[in-house]
Amino acid sequence: MLAQQLVNGLVLGATYALFALGLTLMFGVLRVINLTYGFYFSVGALVALWLARSVGLPIWAVVLLGGVAAGLVAVVVDGVLLTRLRRTKAGELPSLMVTLGAVLALYSLSAIWLGTEIQRFPFDFVDSSAFEIGDLRISLVQILIVCVTFALVGLLFVLLHYTRVGLMIRALAENEDTARLMGINVDAIVIVVSFVSGLLGGVGGVLIGLNFNAIQPFMGETMMLRGFAVIIIGGLGDIRGALIAGVLLGMFEVLTASYISSSAKEAVAFGALVLTLWFRPTGLFGRKEVKRA
Amino acid sequence: MTTLLTVDSLSKSFRGVHAIRDASFDVTAGKVHGIIGPNGAGKTTLFNLISGLLEPTSGTVSLNGKDISALPPYARTQLGMARTFQNIRLFSEMTVIENVLTGMHIQLHTPFWRTLVPFAGAEEKQAKAKAAELLELVGLADKALTRSASLAYGEQRRLEIARALASDPKILLLDEPAAGMNPLETQDLAVLLKKLNERGITLLLVEHDMRFVMDLCDQITVLNFGKVIAEGEPAEIRSNSAVIEAYLGPKVAERLLKEASA
Amino acid sequence: MAEWLDDFFFTYETLIHGIGVHGLLALSMYCVMAVGQLSLGQAAFMGLGAYTGALLTLKLGLPFYVVLPASAFVPALIALLIGGPTLRLSGVYLAISTVGLGEVLRVIYINFESLTGGALGLSGIPMKASVSLIYALLLIALIMFWAVGRSRIGRAMEAMREDEVAAGVMGINVPVYKLGALIVSAMLAGIAGCLAAHSSSFIGPNEYGFETAVTILSFALLGGIGTPLAPVLGALVLTALPEVLRPLADFRLVINGMIIVVAILFLPRGVLPLRLRRSA
Amino acid sequence: MYRSLRAAALALGIASAATVPALAQDTVTVGAVEILSGPASGYGIAIKSGLEMAMDEINAAGGVLGGKNLALIVEDSAGNKDQAVNAARKLIGRDKVPLIIGPTLSNEMFAVGPVSNGRKIVTIGTSTTAAGITAMGDYIFRTALPEADVIPVTFKTAKEKLGVKTIAMMYANDDAFAKSGFDSMKAAAEELGFEIATIETFGSKDSDFSAQLTKIKSLNVDAIAVSALVEPVAGILLQARQLGLPETVRFIGGNGSNSPRLGEIAGEAANGLLVGSPWFIAKKDELNQKFVTDFQARYNKAPDQFAAQAYDTMKIVAEAIDRAGSAESDKIREALLATDHTGVMGPFKFTEGRDPASAEGVVVLTMQGGKFEIFE
């Protein structure tokens, strides 16, 4: 049973990490806690669902297009909501509040439009077979989730550290004014970062929708609370931290449910969040950067 | 000749980059002390360390012999330190006089419910009289009820000084007070600062305008790459080879020094 | 009293209670925002007050004049624990940790079944919160905030809201003011929660979540935070609107969300861009 | 303060007077509070359909009290307890109805009950299955069979026909409906002498149940009883099969699983699930057949149990009004207690505690190929 539970924990943790990647990237570069992020997750899954049902596209196309659609939505949302605040240097809290209002409106509108009933991909859409090693069972979708998560972290790392765009993104993350002075087209980089974050969120939505067969407009909202815990524990803006914190959280939740009590499972994420805030507010790997007033 | 402010072996690094390295100097009570240095020398960082907006990596700052390195900014203000900012930071929605009254925060003690009673608050009345006086001093008396965001640039700088004076500081830190001013405004500012100094307020200022610094200051500390490279009276600084080199590069410095000695 | 008036009060009693309670909640939000902070935990503090009050009434049978202060005290204590570490950090930490607080409390309400009734909540709470009590407390809170706003403390709070760093340099003890504001706001939200519990007879663990927190925020942002009266008017409008315009009910959350967006982007000083006048 | 409230009241009163529907003297009006908008509106709309169809049949057959028409005002609660109370207060205070049908959810009923009972207005829940509803007061009735009556029938069938001895239990612990269903399940399991291997909980919005199911799998139980709304139940069924839980382990559902959505989401994974239902569309008696045909013709969709319960409730109410001889709440209450009605759900009486008297009409269903059928 322990082996199976560790697999369960790894898969659950990978979904948390996958969800948190784009969220932490957005904060790391754009300095915004963007609450509309959960909506991109829903958009990815809903678009993919529509493509799979009505157009009949195969899985790889659905994952990709779901991600792209979410990325585009992210760019539009960022443009409408945050450009103005960025220009006036309005700070963290107004940005957080504006995304808060927007996400409430977006979720509610899409719920009115699409209903809140759970939808699922067609039954034969993915091979539901599983590998069996003794008692241990791992399904293809689960393997896909873990692999995609690690692959995306790798790709993101390469993008940030070995490309020109990555260099510009990091310069923007350090200081917007300096980046501008260095001749970087900040507006373009903001669009790139929004798109990549949205894409990550969207891909996460499709894969997690595939695994759990539970797609509906609010699916991003439930993930968002876990996402917060992961990015704070991992350190705001820290991609490696998000991966490790996500996997650890998944493991802890599963092990708590199996060896302590399933009703304690819910408390793990927020317990860890509270402890982090108390003892290590900049996260597991966060740099010390405490502002004083 | 008592020392008011002592900076002792102060260092600050941001993620491995040393912004201030082992800086030490004293500010004598009643003097005007200038800090100069080329762009990026660490002047503003030094100011933020002295006023408590940043925590030093090592070293100490003492005021009147008391180590204040661990104190937050508000506590330093209570001990008699005040400052202005390079990029003006007024409370822009407030009126001009309210900005000054905010500066008096630590001296006022009337409990809040007194505002419920009409005609109460002798303390508030005195505070307003003092604020008006300060505005008079910086030449903003007629703008007391204007929203501060609508002041002209030079006026905003002067309001910042009035606001800083409101806490009755022993030492006033001015971060590039003449930045963005035209020569006439700069001249007025120099007159104002001299007046303050005559009232017994010690001034510590960072400034780019060489002539302004040389005219005004009694003592000058020169920073380059976070290090103190020279210290002395204006005349000494003017002829210091290290300073000239820091500002103009080694070649020009050599030529200038040769010309001077020829 | 005329019979129709009696019927009128009966028909709108919940709404009248609701407006008063929401007014108190809007003030509690105002209190945090007045020092430039954002708490998404007002719903959680409200829930804490509601559960504290309901439990003291139901299990111990304490009189209401003991219950009400107690339901302000417990949230205040939690605010102290949350605010201590997070208020030293940048504003987003308080916002996120208060969201976390709401979740932690929800899990507690659900799991401590013997005390809190779990998912079934607590029912049969006696209706002790009269209209006059609710509105009297709202009035007192308004007057207090008005007085504070006009005083040197109000000036310090406005300074912090505009520029925290500059306010600190003015000698304002920024951390203490922030913590104080959070504690007072938690107390107010707790009182509002207790009043709500004692006017609706039933409370459940899922009522004090994220959506409620955002709704409270939209009260404050609709009115704006220039004066304490503005958020109360915001609460009045947003509470009465779905009742007056029933077809809007489906779009209630959409409207709340849009109000926040529009207020932040286009009306940063609120729909009522008033500013409290100090006599200077 | 009070004076200004009164002034406001006067102002509003004038405005609202115009919206009171002008009802003729020869009409008896009853109210209903149901969820007509928002995520759970499906339930409320089904109930409204059942109520209105029954009302039209009654009026076509001569109405009530010797020729008066029966009328119905349905107010929306949107699934929100405050809105439910506001709606009930409006029905009582402004429309002066003697009786309210609804509200839809048990949570809403817990908020509305004390208000309507305090005004001595009869309130009848048609879909509120939680424990403790009717205990709120003498004027609170329900026609919905509480879970506590349905579950034992299902469990007994599982024991007798499938030889179930050891069970695991799962429920959504943040959901009042699921929790109250679980309480009934636990009581029934203890009553029948089942061995409860473990009790696992989850959140009603969770989508990952692998930890709980892996643990249950290692315990080798005969059946798993699940109390939750249909979405998490479907997720549990799918993941259970994915984790290789053998098909011989039966799932037993509560009222939440009694929905065709289960087959749509879970498909083959739901095969073999058992659930008890107070009503089933394929019940063969003539009354039910006619109801299903008429409903299909009128609304162009098949009725569900909520519509069926509402339909019977409206008929029961009409009969009670006739027996009471007047549309006064107190008299209707007395008359309701003497109900003896045969409807689409089967024979119906109230207990002294104002709950349905018998669970005779309960049928045990099983899921096969995504559809429910009667379990034989």
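The letters A, B, C and D name the chains in turn, as written, and every chain counts its residues from 1.
Here, a residue touches a chain if its C-beta (ideal position, glycine included) is under 8 Å from a C-beta of that chain, and two chains touch if they have at least 3 such contacts.
Chain labels with UniProt names: A = Amino acid/amide ABC transporter membrane protein 1, HAAT family; B = Amino acid/amide ABC transporter ATP-binding protein 1, HAAT family; C = Amino acid/amide ABC transporter membrane protein 2, HAAT family.
Worth saying up front: this structure is predicted, and the values here are computed from it rather than measured.
In the chain contact graph, what is the shortest path length, in steps, from subunit B to subunit D?
The fewest touching-chain steps linking subunit B to subunit D number 2.
Would you mind checking which chain's mean C-alpha position lies nearest the centre of all protein C-alpha atoms?
Closest to the centre of all protein C-alpha atoms: chain C.
Which pairing of chains accounts for the highest number of C-beta contacts?
Greatest count of contact pairs is found between chains A-C.
If we define chain centres by averaging CA atoms, which chain lands farthest from subunit B? Would you check?
Most distant chain from subunit B: D.
So the centre of each chain is just the mean of its C-alpha atoms; given that, what is the distance between subunit A and subunit D in Å?
Taking the mean C-alpha position of each chain, the two centres sit 38 Å apart.
Provide the C-alpha centroid distance between subunit C and subunit D, rounded to the nearest whole angstrom.
Centres of subunit C and subunit D (C-alpha means) sit 35 Å apart.
If you average the CA atoms of subunit A and of subunit C, how far apart do the two points sit, in angstrom?
Averaging C-alpha atoms per chain gives centres 31 Å apart.
What parts of subunit D, by residue number, touch at least two of the other chains?
173
Can you list the subunit A residues in contact with two or more other chains?
263, 266, 292-293
Touching at least two other chains at once: which residues of subunit C meet that condition?
Those would be 110-111, 165, 167-168, 174-175, 250.
Where on subunit C is subunit B touching in the complex?
That would be residues 143, 147-148, 150-156, 158-159, 162-163, 165-175, 275, 278, 280 of subunit C.
Taking the touch rule as given, give the residues of subunit A at its contact with subunit D in the complex, in rising order.
Listed in rising order, the residues are 1, 4-5, 8-9, 11-12, 15, 111, 115-118, 120, 123, 128, 130, 132, 135, 137, 139, 208, 212-214, 218-219, 222, 253-255, 257-258, 261-263, 265-266.
Going by the contact rule set out above, which residues of subunit C touch subunit D in the complex?
4-5, 7-16, 18, 106, 110-111, 118-121, 123-124, 127, 131-132, 135-136, 139, 200-202, 204-207, 242-243, 246, 249-250
For subunit C, which residues count as touching subunit A in their complex?
Spelled out, the residues of subunit C in touch with subunit A are 36-38, 40, 85-86, 88-93, 95-97, 99-100, 103-104, 107, 110-111, 164-165, 167-168, 174-175, 210-211, 214, 217-218, 221, 250-251, 253-254, 256-261, 263-265, 268.
Using the touch definition up top, name the residues of subunit D that touch subunit C in the complex.
Going through subunit D, the ones touching subunit C are 1-2, 5-6, 9, 12-13, 37-38, 76, 78, 81-83, 85-86, 89-90, 92-94, 96, 107, 110-111, 114-115, 119, 130, 132, 136, 172-176, 178-180.
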